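What follows is a single structure, written as structure tokens, with notes after it.
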Amino acid sequence: MSLAFDILLAFGVVFTAAAALGTHDRVASIAGFVVTGLLVALSLVRLGAPDVALAEAAIGAGLTGALLLRSAWRLKPAESRVSPAIDRIIVALIAVCLSGALAWAVYTAPGAALYPALVSERLAESGVTNPVTAVLLNFRAWDTLLEIAVLFVALILVRIVAPAHPQPVVLGELMLPFARIVVPMCAFLAGHLLWQGASVPGGAFQAGAILAGGLLVLMLGGFAVLTPRLLSWGMMVALLGLAVFAVAALSTEALTGTLLLYPDGAAKIWILMIEAVLTLSIAAMLCLLFCGMPRRPLNDV
Amino acid sequence: MTSELIYICAGSGLVGLAFYRLATCRDMLLRVLSLNVLAVGIAILFLASARNAGMTDAVPQAFILTGIVVLVAVTAALLALAEQIDSQRDE
Amino acid sequence: MTTVLQVVGLTLTTFGVSFLLIAALGVWRLPDVLSRLHALTKADSAGLALIALGAACLKGRPDSLLVLGLCVVLVALSGVTIGHLIARAHLSEGDLE
Amino acid sequence: MTIHDVPPIDRQQTPSATTEPHQEVLAVARSSGRLRGAITTGTVLVVLWAGFHWNDPTSWTVGVPMALIGGALVLFLPASAPLQLSPLGMLRFAKFAIIGILRGAVDVSWHSLSPRTLQPGFIPWRTHLPKGGPRRLFAVAITLLPGTLTARIEDDMLTIHALDLSDATRDALAALEAHIAKLYRLDHKEMVL
């Protein structure tokens, strides 16, 4: 029974991806991509990775889909120069070989499971009981610190390039009750995911993405206008995550002699503090990445 | 083991499809979209191979989670660059 | 008691899933955009509500009702709002008869 | 259609800022209304948090800041008038809504199975409900009830798309309007407004 479900789901993933990539209608293609993302999230749950599934649904399908849709109206379609049939056949052959080789290589790779034993052995001293959170914010916290730095670099790049700011449209009266319920619910769900991330699936990234969704409802509904003042506040919050994480790294160095090795027994508090700030910071960064940041103040709006 | 094999096939199928589209398509938006599909396919492959006796290894999970967040930042940056190229071409 | 709850839960879930299936059928078969929106807004909310109620019965714990209720409210609200927004955009494109 | 085709929002024309005489008084009322909305939202969030995490008092380290942030985000939304609902009306309306939603789902399923019998069209409807909460609730409820969908709202004029253009639909709309009026304790004098 569950095997039939798996086959159906895997088929659905490949089919929707093919539909998304096969059509020339951009909006249809993005819609297909979002559906693919949601089905992939479901298959990640089947693969025993609910943390990743939450992130894929919120970020991979939701925010990326919104970003693509935003740009679909701005980018001019490329001149439809169809590549010659012989080229396409060769590329298709290479693609089929690539897929086959990849599947074969992954399937036959020796499953040297080195990490699970190590993780479960030290999980008790990590301060949390969700192994993914333990890896992200304790065992490999250094990676996560750099990841936040990468996000911030992308934000700076967007700021330099300065794409146009999306103009909110008048969406009518029914946006108000929607925002009145959905925006606080986003804050609630973000807090809930942040808190439960210590023991069950959830954490700062998923929480930040959901909070960013709430902020985008405010922006696109026309309730909050990105004034220069709001923009500089947003940048401050975005930087705050990186700053707090870096300060935490330095102070753990001072306290314990190792970067991001938390003092004995206090790991949970450290992790929770860093995660709470990261949630706000990730939300601000994702929101600003979506809205773009004009160099000029928005006088003419 | 069979259910992992199914998802390995799906993941490598996504990689193949995205590769074909990346190579044959000139549209910037569709290229960025294909890049995202490629990353999703690799995530499925990675996680399917990380499964062992009903448990999924936490370290690859953390890597993929990091990858998803970095990918959305990369997508935003690429789209901003593409929009800039488009508007430069206009002038 | 548990078997009664299970039977009730399975029945509710079956009804919910069939509503969702029929909604999908409706999107395929109904003649125009606005009529399709009817299928999407109503059958979806009702179907999901029934599935959530059934899931709560199957779970057998009252605290799961809170989470599931929240899901239903959010889905129904966003369904209604998005249905209205699509209809509105469709009208402003000038298809009003 | 989406973000770019329609002119940008004009802050002066949002529903909260109408051209009424005592602008300053209204401004004060609006800001206090916003604060009240934020406090209400924060309280609801605290109650919800208590429902989710009642067995874990340490969770309030996250719960309290969350409620504050949720309340603060609501400050961006325009204020609405304080609710004066009758409890009995709420129960009656809930019963009416649940039955209506189920009937709506059955009805639309029926139409999906036999789309040939369908004669869809638009019904213009001038509502007597006052602007703000009651009128918005009316628009939302129309969409959930059988065979009707709010397609456009212009002041008190609603354009409703209906799957069935007979008098039965109009009667159902009138009944819904009466239910909402009872829920908000509006009598006919106020409704003429």
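Order as written gives the chain letters A, B, C and D; numbering starts at 1 within each chain.
One rule holds for everything that comes next: a contact is a pair of C-beta atoms (placed from the backbone, for glycine too) under 8 Å apart; a residue touches a chain by one contact, two chains touch by 3 or more.
Note that the structure is predicted; figures quoted are calculated from it, not measured.
J.: Which chain pair racks up the highest number of C-beta contacts?
T.: Of all chain pairs, the one joined by the most C-beta contacts is A-B.
J.: Rounded to a whole Å, what is the gap between the Cα centroids of subunit A and subunit B?
T.: Chain centroid spacing, subunit A to subunit B, equals 12 Å.
J.: Please compute the C-alpha centroid of subunit A, do the same for subunit D, then give the distance between them in whole Å.
T.: 32
J.: So, what's the distance in Å between the C-alpha centres of subunit D and subunit B?
T.: The computed centroid separation for subunit B versus subunit D comes out at 40 Å.
J.: Could you put a whole-Å number on the gap between the CA centroids of subunit C and subunit D?
T.: 19
J.: Can you list the residues of subunit C that touch 2 or more other chains?
T.: Correct list: 70, 77, 80, 84, 88.
J.: Among the residues of subunit D, which ones contact at least 2 other chains?
T.: Touching at least two other chains: 2, 6, 48, 52, 139-140, 150, 152.
J.: Every touching chain pair, please?
T.: Those chain pairs satisfying the definition are A-B, A-C, A-D, C-D.
J.: Per the contact definition, I'd like the list of subunit A residues that touch subunit C in the complex.
T.: Listed in rising order, the residues of subunit A that touch subunit C are 171-172, 174-175, 177-178, 181-182, 185.
J.: State the interface residues of subunit A toward subunit D in the complex, per the touch definition above.
T.: 69-70, 73-74, 166-170, 172-174, 176-177, 179-180, 183-184, 187-188, 190-192, 194-195, 214-215, 218, 220, 222-225, 272, 276, 301
J.: Within their complex, state which residues of subunit D touch subunit C.
T.: 1-2, 6, 48, 51-52, 101-102, 104-105, 107-109, 111-113, 115, 118, 120-122, 139-140, 143-144, 146-147, 149-152, 159, 161, 163
J.: Under the stated contact criterion, what part of subunit B meets subunit A in this complex?
T.: Within the complex, subunit B touches subunit A at residues 2-21, 23-24, 26-30, 32-34, 36-37, 40, 43-45, 47-49, 51-52, 54-62, 64-66, 68-77, 79-84, 86.
J.: Tell me, which parts of subunit C touch subunit D in their complex?
T.: 19, 22-23, 25-26, 29-32, 34-35, 37-39, 41-43, 45-47, 49, 63, 66-67, 70, 76-77, 80, 83-84, 87-93, 96-97
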